[in-house]
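In the two complexes that follow, subunit A is the common piece, with subunit B as its partner first and subunit C second.
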Partner chain A sequence: MPSNRLVEKEKVATYASVLFYSVFESGGRDAVLRVRDEIEQVVRIIRGNATLIEALCSLAYSPEQRNTMARETFTECVSEFRDMLALMAERREMDLLAQVEPVFVDVLQEKLHVTVVDVVTVVALDNHLRDIIIKKAASELGTEIVLRERIDKSILGGILMSANGKRIDASVFTQIENARTLLKKSSDGGES
Partner chain B sequence: MNKGAKKGMVKALAVVSSAFAVICALPSLAFAEEKSGVAVILPDMNEFIPMLIAFIIVLIILAKFGWPVFDGIVKKRDSQIKQQLEESEAARIESERLLAEYRQQLADAKKESYQIVAEAKQAGEALKADITAKAQAEADNMIAKAKLAIETEKKAAVAELQESVVDLSCDVAARLVSSDLSDKEHRAIIERYVNEAGSFNAK
Partner chain C sequence: MTEITAKSIDAALRKQLAQIETSLEAREVGVVTQVGDGIARIDGLKGAMMGELLEFTGEGGKTVFGLAQNLEENEVGAVLLGDVTAIRENDMVKTTGRVVEVPVGKGMLGRVVNPLGMPIDGKGPITPEGYRPVEFKAPGVISRKPVHQPMQTGILAVDSMIPIGRGQRELIIGDRQTGKTAIAVDAIINQKGQDMICIYVAIGQKASTVAQIVETLNRYGAMDYTIVVSATASDSAPVQYIAPMAGAAMGEYFMYNGEDGKPASKENPGRHVLIIYDDLSKQAVAYRQMSLTLHRPPGREAYPGDVFYLHSRLLERAVKMNDDNGAGSMTALPIIETQAGDVSAYIPTNVISITDGQIYLQTDLFYQGHRPAVDVGISVSRVGGSAQIKAMKQVAGSLRLDLASYRELQAFTQFGSDLDKATQRQLNRGARMTELLKQGRYNPMPVYDQAIAIYAGNQGFLDDIPVSDVVRFRTEMLEFINTHKAGIVEQLRKELKFTESIETELKAALADFKAEFQVSK
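Here is the complex of A and B:
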């Protein structure tokens, strides 16, 4: 008899693969990549909103009500993804979404032979920078690279890249923080 | 003095009185005629013989009746004196013994008092030393704690100051980077960082 953990793992794998195939069928690679971003955003929203996750998993509402609630909450999402969210809410399995995300990315990379590299910068990338980044990532990861660009002023400068759960932090913010930590550490052992 | 002795004394006095009366009854013989020359210093037989007789009589009477009484009195007195001397000697010995005993007790008491004083002095000294040592230790401890607290405060203040300086420097650097750099400069930094950055395959 399979344990709860195995059952859960199977459910997560099923959600991820069904979502991938349905989205790929309807919108192709771009839709899949968009869904990937949407999953990430929805997970972030759910993690930061305890009331929402409670409501989406509450027994006080009927499955139909939870389904409707999820659909109306995530109206901006790709329809296949929205359907899956509604189903998860109906079944009170919204907490599995965080586990679906990495599995979906794995399926995406495996099926499309593509690695999505998230890039965060202070200014928008130009083509020259894109080429450099893609070249570097492709040489290291050995797959086709798709960049997901995001501008975030809080990193002050430099670049933040992440792919396959690995992260290269070459931001000015981190460098300043490292310098701050180093200076504070060195000042601790200074005058006696 | 007992009754017998008193009686003897009275008898002897009576005899002596009688003999004295006999002697006094013959004055005419004593002053019968005048003498000259050596005869002045020689005894007149007419006076001497009766005087001698009277003396002998008195002597006999006294020897017979007076002497035993005096002898008894003297012996009795002698024995009394001896007894008193013995008693006084015994008392003296006893008093000397008591004196020696008292002296010994006094010496013992003195010795004991000296010992008590010495012990008290010693205990006092020990107590004083103990209190002094404790006070010193406490003072040392307080000083050490105060020094430690001062040192800690000083270190904390210095560390805080250094941290403030570091924070300020980093904040200034961050502001300079974020506000003073142009997009072109940012892109140049990005390019440099991408080339210098670590690998996705790094472990």
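Here is the complex of A and C:
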């Protein structure tokens, strides 16, 4: 396993840029954006599954076996990304994937001038609202905006937006939760 | 009791609802990548601050707070302060832009709270007057003043030979079961009516021990001016780690503010605080656990490299403020438990070097019946001398040296029996003076009584009293003087020193008492 921090950093940058260029060559901007979502999903799957990451990094399997295992586990992914995952498993470098994700997003923003904004609402966005969000986000971030929409009834209402590791929470759930915390904390009328 | 009306409920609700923040701000979010041993590793949060409070949203929307500790290139290491089991991998973490704060104010007095300031005594909610950060930089040189006011513990052996001043840091060190906590509790009990706020911080102790201490303080009416901060052995390491700092934050509120809760100044004097950290060795162990699980490199005895800084920055917060800043003070009595009397271990040497002296308790002395088991030979107070009252200085000036030479002589004369008269006299006096310093628990002695007792010993009034009767002689003599010759104590309190007339009167009173004293058969 690499112990040198700079070597590791270099590897992460190489994985991210090679992935970006190969996907962009074959499928253009849409494919790159799809891979960005896939990386996010795979990182979540790996984090929540200790057995999987253990198997993909295990010395008990040969590099070829690990390669095949990764290919068969992530069959749904874009082929270039699947190839990269297989290579990472073969070289026992799956733990670098979480670091590849932000670097890939940086390359994407730099080369395509696009920022992906995740939007969570209770009901589907209409075109008018979508336009407002895109315009507002574009003026704030100074790049072209691509929305990733998701419906989540647990937020009760309002909207939740996140981009570049920052989140704006205007959900009804959070506002009610904040009010609940405040009312619970205030002790007017309590024993002194 | 205040009357509750519909109007007052309406007003209270309106006041609280007005505080609800509806504006939005962007918060940085990260994801938990690993959790275990009370530690969480977080991906993201590139802009997190060291010591920042992090908000974890766990299973079913449950919120748990954590403390950012390790800011690394790719991740943040945080310690969890709440229900560790509610957090899983992939849970969301938000920065809050705040550091850990605890509620402070007069409402905390008489209460038992956890290190986050939440009441754990079942006496209902606390109305805080504000919040203070747990980590706070100690005041600089300019706003300080040398220690000059005494902080009486009521313990004869301590107040006479190892005097403690307000704003001093005096370490209480000794093996287990040598009476370290007893000294601290006695010091708290003795603060009744002394305009002193006391804070007792229990770290890593059994909950039953803490309950017993609270019960004792209640019994002696000491809880009225005391706050007990309890992080018991069942609390997580991070909670034990922040406990002393939380106690210090609660004490600082009183020191930096006047009676009216406004900032202390020349016109609005700050309050005096006594804080006991019982004990810092357990805090160091909790910090070691935290650091090792955070993968910080271990140093000597596996403690992290900054364990010295942990204690030095905590104890630097004990201070005597100058008059412009209200002249308040915070006196710290940290406790360290040694293993088999080894004061040269890492944590004891660190804390010895940070504090302004130490009260060293010996197991041997304890079992020989010397209680408190203070070893006066190696106990020292580096700054307390200037805070000692003059009367005590007059009588106790040479006591420490006399006792030291007595101990030396005693060891030497064990080998021979032919002793000259002077040596015999010295041994005789030493044995009685040693006996005079014995004192029961929860039995603090006013400083003027202490001075009179030592004066009687110095003047030879005890020389022909059997050693076994010395403590009874002291008790009855003080009772006699306080009831029949109260004028002497009154005069001593007024003059603050032994004047010629006081000495003449006291000698006569002592002679009168001695004539009536019946030795045991």
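For this structure, a couple of remarks:
What we mean here is this: the second predicted complex is superposed on the first by the 184 of 192 C-alpha atoms of A that agree within 3 Å, B and C clash if a C-alpha of one lies under 4 Å from a C-alpha of the other, contacts with A are read in each partner's own complex, and residues count from 1 in each chain.
The rule is simple: contacts are C-beta pairs under 8 Å (C-beta built on N, C-alpha and C of every residue); 3 or more make two chains touch, one makes a residue touch a chain.
Please read these numbers as outputs of a predicted model, since none were measured by experiment.
In the superposed pair of complexes, A:137 makes contact with subunit B only, with no contact to subunit C. After overlaying the two complexes on the shared chain, residue contacts for A:99 are found with subunit C alone; subunit B is out of touch. Judged by the touch definition given at the top, the superposed model places A:153 against subunit B, while subunit C stays out of reach. Touch criterion met: A:166 reaches subunit B and subunit C at once. Contacts of A:113 after superposition: neither subunit B nor subunit C is touched.
Of the two partner chains placed by superposition, only subunit C is touched by A:47; subunit B is not.
In the superposition on chain A, A:129 contacts subunit B only, with no contact to subunit C. In the superposed model, A:179 lies in contact with both subunit B and subunit C.
When the two complexes are overlaid on their common chain A, residue A:121 makes contact with subunit B while staying clear of subunit C.
Residues 166, 168, 170, 173, 177, 179, 183, 187-188, 190-191 of subunit A are contacted both by subunit B in one complex and by subunit C in the other.
Across the interface of their complex, subunit B is touched by residues 121-123, 125-126, 128-129, 132-133, 136-137, 140-141, 153, 156-159, 161, 163-164, 166, 168, 170, 172-173, 176-177, 179-180, 183-184, 187-188, 190-191 of subunit A. Touching subunit A in their complex are the following residues of subunit C: 2, 4, 8, 12, 15-17, 19-22, 24-31, 33, 43-46, 61, 63, 73-74, 88-90, 94, 107, 123-128. By the touch criterion stated above, subunit A contacts subunit C in their complex at residues 5, 44, 47-48, 98-99, 154, 162, 165-170, 173, 175, 177-179, 181-183, 186-192.
Across the complex, subunit A is touched by residues 155, 158-159, 162-163, 166-167, 169-170, 173-174, 177-178, 181, 183, 186-187, 189-191, 193-201 of subunit B.
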